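Note that the chains take the letters A, B and C in the order they are written out, and that residue 1 is the start of every chain.
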């Protein structure tokens, strides 16, 4: 199975956030908990929906990612362009 | 321009307080997102890919210098130092925090601005000709009518939850610069029998998934009945429009399903009940509204400025800009100046806070403190004395705002696309930037005037790609961006929906494809023939052949 | 369920006197009932002969013309909002008041949230079955948040344009 992470938008500012292993919402996708079994992903998503109901985040969902590993680090790269742009910011900008 | 009285100001202040309380309830989790979403949308607040986005209303595209300065403050303090002007003559801020939104709205209210009805399934910002009050071919200034419609539509209790969004454009000229026929309702000032001025009413235009050109609903409507007639149309739509399918909910679908004759019967039957109601416009009300839009205190100037002519002769860069970016003013000695927000390789429609402040100062110095936003994402200083054009141009050039490309091939319209927008399926800005860079050289070589390229990042068509002479629609195909190209669209008085030229292109290939299309046009065009006329004359075949079967 | 009624324009939280009766349920003796449009159409005479008030409930896709001939036999029309965003019955209420002169109670049911109350009141609604989690104090305030209106509707508020005409006339008279 492919690896998946949970993402949402933060209520107060709309920022893109990713759910870490402890259930905290992080702005850095590399801190997200990536899981490859359906049960684990479903459990994370259920927790995320509880956070939505509590008014912390909006519209959580799962995102498929590739894991790029170096000797000491790993990076998460979403498969879809939309999610890569959410993770990395706009590909264009004002200088 | 229109100035608020205490009623307008009280409304905007009360609306701001109401919105502040709605945001407070959301942040306290008293409102769920499902409940809050229609409320925030009715105040122009979207949730986009990276943040909230606030769309601020610029009624019919007219801004005072102090209002533009307020937008600069918002950009600087609450955003990342810039704003994006849209095809609805509004401005959007891309990096807004929910918690800041009420303070921004207060800041706007202090300068007679708001974000009311810039989104949601209600009557949206009324748009018009950016050369209103300037164009010599105008029957009458459309702005007072746009303001009358704006007020009627403001917080309209019956039409707050329509089947879908609703867009109205008003034009006063035979040459349509307002894209009136791609609106839900198009209102055109016309002269009827005995020279009486009234309205033609068009209905059922719109883009999106099912693009349609508006049809004529009524050939002549006396002025005093404008609002009752609009109310009749909206009432028929509110009751009869489809609500079961988001993609079939616009009035264009209702009009095409019923047929224009049946739709007209329904509207006229409804109108017969309300025509003489409290919506009837008193002559004094019309006159007082028109007084708000009186011409500024023009100086008496000769029709041709010697100085302007001399400068044009001496300075070829100025001459080029003057040729492209000036529009004739009905007042002798004046010109309307378009400030291009399409620098070569830049982001269409973006303006930094520093540029906003600078343009506000230029408006004060050169154009009676007024700025207009065009639906092609540019700005206009509408009343500049010809004697001062050279100085203005030099100032604009110093701000990187003097690109001489109005209506030329690099005057590209683009929506924010997948870089910002939650609905987008592909990026549009980088395509616009790369095309602009590629086509600038081609423009030098081949003089590519009257050629519009419109790029939308999804089927919602915010950049009106269906009516671009060349339209580009970005889609997601098998996980990659794919761009579908249409040819032959127009949003002007010869409005038409462009036709798809063939299979789509990847993000890299689409730049080459557009270049191929333009070179094909250059080969095919007659003397001085516009791109649109060439496409209409030769059809799609030569373009298709060049794109898909190059010899 | 909390019921808010507008009495002389002021919101009051009240106990509901009306009973909503399902299509297959027996009619309670002597109590005001609200029935569906199909039931009214099937049992019109029985219902009209009862010694108690009758109201009809219209779903959001049921249209007013089905009952305009019966309006003088009705004391209440309830109009349903299955979704916050389904605005059809704003028109229904205005037509009831402004075109057909209905002076009974017009009640909003379904997704009735405080932020729609003002628009509903302007269209002629005068009672509101508040959705479950809405706070009643906030709902009362919702009627007072906006004091300026820009178009005539079914209420007594004077639109800005008419106020301007009045002010202008007063100024002219003073000269």
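Worth a mention:
Basically, a contact is a pair of C-beta atoms (placed from the backbone, for glycine too) under 8 Å apart; a residue touches a chain by one contact, two chains touch by 3 or more.
Predicted model, so just to flag it, every value in this text is computed and none were measured.
Taken pairwise by the contact criterion, the protein chains link up end to end in a single open path, with no chain closing the loop.
Across all inter-chain contacts, the pair with the most C-beta pairs is B-C. Mean C-alpha position of chain A lies 46 Å from that of chain C. Annotation: 36 Å between the Cα-based centres of chain A and chain B. Chain C has its Cα centroid 38 Å from the Cα centroid of chain B. For chain A, residues touching at least two other chains: there are none. Contacts with at least two other chains are made by no residue of chain B. Listed in rising order, the residues of chain C touching chain B in the complex are 63, 84-88, 90-92, 94, 99, 113, 115-116, 118-120, 122-123, 135, 138, 145-153, 159-165, 168.
Every residue of chain A that touches chain B in the complex is listed here, in rising order: 9, 11-16, 52-55, 58-59, 79-82, 85-86, 89-92, 94. Taken in their complex, chain B has these residues touching chain C: 5, 7-8, 10-11, 14-15, 17-18, 21-22, 25, 30, 35, 38-39, 121, 151-162, 227, 231, 235, 238-239, 243, 273, 277-279, 282, 284-285, 288.
Residues 26-29, 32-33, 47-52, 80-82, 96-99, 347, 350, 352, 418-420, 424, 427, 429-430, 433, 476, 479-481 of chain B touch chain A in their complex.
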